[in-house]
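First, the structure itself, so that you have it in front of you.
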């Protein structure tokens, strides 16, 4: 419990604020040196329809494709792909794939996960086009994680402005995973070498979500409390905020505005500007820009109060309920859906919306507040 | 009735699409030549608190002030003010003030409104500091309208970038009025020389709102159907979209996010980027940027279907109910609140939200639509 | 002479600051009511090459085309075109075309220019596709001016964001003409109903350039002192500054950066953000965004000192010499080049660059100035 | 020599393209683990005047100050400062300061530089307020380098939008150093653990400049060929391009445009948007935004041809000569100016401007080129 009841601002600490009472035991084996989240393999039910969404609408670049898969990258990427769309009978996530520093780190990954008692597979030819020797595991909290180093280099299109659209996606930024026990997930990820940058807690010490990074941004992945394992979203970065607005405008002109689930807005957590879309299978995509440098080992960790209504949206715009409840299933290494375990800790949705929950803009009222009942016109208050 | 049932897009016509069955009779007297909406006089209950909101937070420039009033202008303005905050016992609007082309237009205003049977007053010294000879009327639909030509010129601060904030307001853009009978209001305003640029109707021919202009933008004022006369909002323009986002970010950092009522978003009507705030008295302020040139006499008029869920927000973001229901009272020429008359035509809120209403993104479903039940995660659908 | 020697800032007046000692006599005939600059007809020597530049690179929209001409419009336009590329043996300008308020204004145009002794022609079917009854004249200062009212309406693509490029051009903003005697040109244009919004003078009263408007922006056309009649540039507007930067970035990636002549930068005059390009025939195109409202009859006129080095570029970036010296020839009504008359007044280039000229950032030095010799690293100072 | 004569595009390699024939011998001692460039200590001759420039004009945040020094940070920084302005008799650079991963890395720094035969000092209390145990060296190529780990944490103001100016500086991005022998400097920096991301060469193999990074951006420092050791510039990042334009606009309105030396523009190298300013002592400051992720060990290295006129500015805008010739002196550990050694390799200025040099936009002419003599209006061509 690190928040004090009167805390008017997020609490900043220099060590991890999340403690698990039920941790995954730390392996003796050294963790692989993870560079960054590198790509996600999404299973989609109608490849042509998904290709249209990601290529014709969002403007990702096709590195390669065949009848079963499309390999896509962002404009500033030099590895083969950041997203694989693979045709399959049930929409889900086949792999959260991370790049490691060296080929030797794959041996470390095998040892690390084997010691954890996980199912581990290795394919020296890779599981996807353009990727070499790879290790895939079903990790301790149920997610299909992949690690690789060898990869085909492709042209970095950063300078190819004649190919840019107004909403050009330039980098894969992060993953976001739904898991029932966030502190347990964090403990395991810290063993894997990730560090917490921000989190959401309440005064009783319940952790609702945590953001963790390897590269020097706010996160390579986040753990969001909920029934899991499920995939909450995968996020691509744009250069500027107007690029994100341009994506919304285009979806409007294509009469595809139903694909916009939440935003655009400014996050409290991460300070980034964001937008959440849903793809034709319902997979959630975030478009994201402008978080901050986190690469120092003592980077301050920011803990937000779950009742602070600016934590998820800095402008106090309420989170749409589906954003809390919907997520994509993940697949085991045989391609079968992983069973979903219910969260038993408090639900962020439940504690912040409706009769049992509450939220605040300021811990204590001040003269700055309007006369008319504070925030009464907020959509959240009108739900 | 100009919309056809299968209309997939807004309908474009070259003549006014709004017809009143109950028009205000057209005067014989020539209308004054109105240049543009010029300023609003707002009555506020706590002058210091309102000054803080408009000056310290929004960054409007103080031209003059005394213990009873603050005179504010935007960065590109050269007339004395665009907004007057006047201390008073009841929050309301004392005047919607328009500038006319010449002093002689004031005589025309007197004749025009006298023939209409309106209460008309004239003050050769003006009703506000910096303004000369002025005519004030209680117009046929109950609003306190002012007309003036003589005005004190002040420095246009367009080039004074050292004074700009990230959310700098550069122009007064428009007013928006709530009135029960929109076609009747439109007929009167057309007699006054305004032209409709866009409107919202349903297939039965009910008009829900209409936008009208004198200057070459989408509007100098709009008529929004509802209980009136009331003031819906007054709008200031920024140069770019990021300026509007900066205002939201600042309200967040001041823990004043409750002042954000709706947006930011992209309007369908007007194509502008928008944000709605509420001031300390609850008066609604819009921040607005980038509509289009409308100055040709045959400028195409765009009629939107009230059931098109992109009409009010191009991205399909639902309108918060308070935006439909709340508005500021207006004052008569003695400073007393004008009684409010209920709208008897259908309510846009009622026909578009909840069990009795419906809305659509596309008139007919297509292959482009997602599999998961269309738009089910939209907050509107989750209300 | 309106500038005083010690003037540290542009001088603001409320009446026209330009006086001609040699004016074109004012006609008795009423001037046509000009709405706005509407389109330019450019003669290009290689139609396919020019089409590639304007359509594939700049993204203008093709309304119609045949083997001899391409008709282009911007995204927010509803009249048939804003630019005609017409194939011809010699690159030049066939028409500066203005839209007038009513068909009757064409009769006025005929009378006005006939009284001025100009060559006048009228074509009830129009000189270009999509345009009806039109009057063409060789005006008193040698330019081929066109006036029309009837025009084919086409779809306003403002909402068609799926068609936008990062550098989308949304409006035709203005023309710019080179003429030897600026005050004489201004006097004639004022008779035609135009008003000066800004100008450049020196202390001796020489006028170097003047900006004049009909619509409510800084200009519909400008008169630039130099050997003329010639066409200096035609300008299109974007919504935001990043759109202009995107055009530069795209020209870079196409290895067409040679087409960038000057900018991007911020104008002193007009306060707009700008970029100057040269098309394949050398015709100069400006991309322009964010000047200010000028629609009031007493709009303050801003007079800049020719020696103020922020007048042409607010950041003090020197003007490239070709920008002063190069311009396109204009054609008479038979399509033959108009002879060019040399300017006899002082040249802005000559008085501001090199041994005979000088310029200043501040009229008087202050403590704010750097120690190292002021501005010595400015490219202008290094020329 | 990696460029081939016909190379139309920068050459991309996956290993360092720079080879020294005269390298500093590689120490046996392990290099310290450098996290990032952290701050620069600038000696200024008039502290109040410099404070005005960096605080009142550029908006850096004052963490602390006394009569001899001002400690400044950017909005997203959490360490005590990114810039120290220290009052002194001669303007120069007292330290290029890097943060290392752990306290133990200071011991490594001592051993590493001692083995290199450099002058090494250590101060357990730090050389500047807010900084603990620090090592300072005069490095093998003559620069005063500092390394530290212990630092006072201060509030990260990322969320404090009410303090942002339109041109808010959010991070220290990089240093840039002038040194006669670039390959020798690169070899030493590679021993220190830096990696080349981009460089400029000619066909004969002369290296004109190289960019090197520790953090995952294009650089923490760059080596620019010229008479050295001198400091070329220190760079701060903004979020978006309009922030950089806002700085120019503000300098214009303060009549301080002389402080703008070069830009704004788009770099070829780094792909970032840039602006170069000169402070009151002539120290050069870059404002910079939007380069790309470089954190993978096999990040592709981009080698530009010195004759490619888009290498320094993607739009082909010529580099102002002073940008090549001017730089700040650096100080030894006693605070005395380090003697400057002349470059003997070819000068980038000499080989690209004037009679002896040349540059190209395209290696080979194509039909895309304009008819008028290519690029003749470019200011470089008009010099």
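For clarity, chains are labelled A, B, C and D in written order, and residue numbers in each chain start from 1.
Quick note on the criterion: contacts are C-beta pairs under 8 Å (C-beta built on N, C-alpha and C of every residue); 3 or more make two chains touch, one makes a residue touch a chain.
In this text, all values refer to a predicted model and were calculated from it rather than measured experimentally.
Q: Would you kindly say which chain has the C-alpha centre located farthest from the C-alpha centre of chain C?
A: A
Q: Is the C-beta contact count larger for B-C or for C-D?
A: C-D
Q: Using the average of all C-alpha atoms in each chain as its centre, how far is it in Å between chain A and chain C?
A: Chain centres of chain A and chain C, defined by C-alpha means, are spaced 50 Å apart.
Q: So the centre of each chain is just the mean of its C-alpha atoms; given that, what is the distance between chain C and chain D in Å?
A: Going by mean C-alpha positions, chain C sits 40 Å from chain D.
Q: From the C-alpha centre of chain B to that of chain C, how far is it in Å?
A: Here the centre of chain C sits 34 Å away from the centre of chain B.
Q: Using the touch definition from the top, which residues of chain B touch two or more other chains?
A: As it turns out, chain B has residues touching two or more other chains at 159, 240-242, 249, 252, 254, 268, 314.
Q: Of all residues in chain A, which touch chain D in the complex?
A: Within the complex, chain A contacts chain D at residues 12, 14, 35-36, 76, 78-79, 99, 101-102, 153, 155-156, 158-159, 170-171, 215-216, 239-241, 268, 271, 290, 292-293, 295-300, 314.
Q: Give every residue of chain B touching chain D within the complex, in rising order.
A: 159-166, 168, 240, 242, 246, 249-250, 252-254
Q: Within the complex, which stretch of chain D touches chain C?
A: Of all residues in chain D, those touching chain C are 8, 45, 49, 52, 240-242, 245, 248-249, 251-252, 254-261, 264, 266, 268, 273, 278-282, 309-310, 314-318, 320-323, 326, 361-362, 367-372, 374-379, 382-383.
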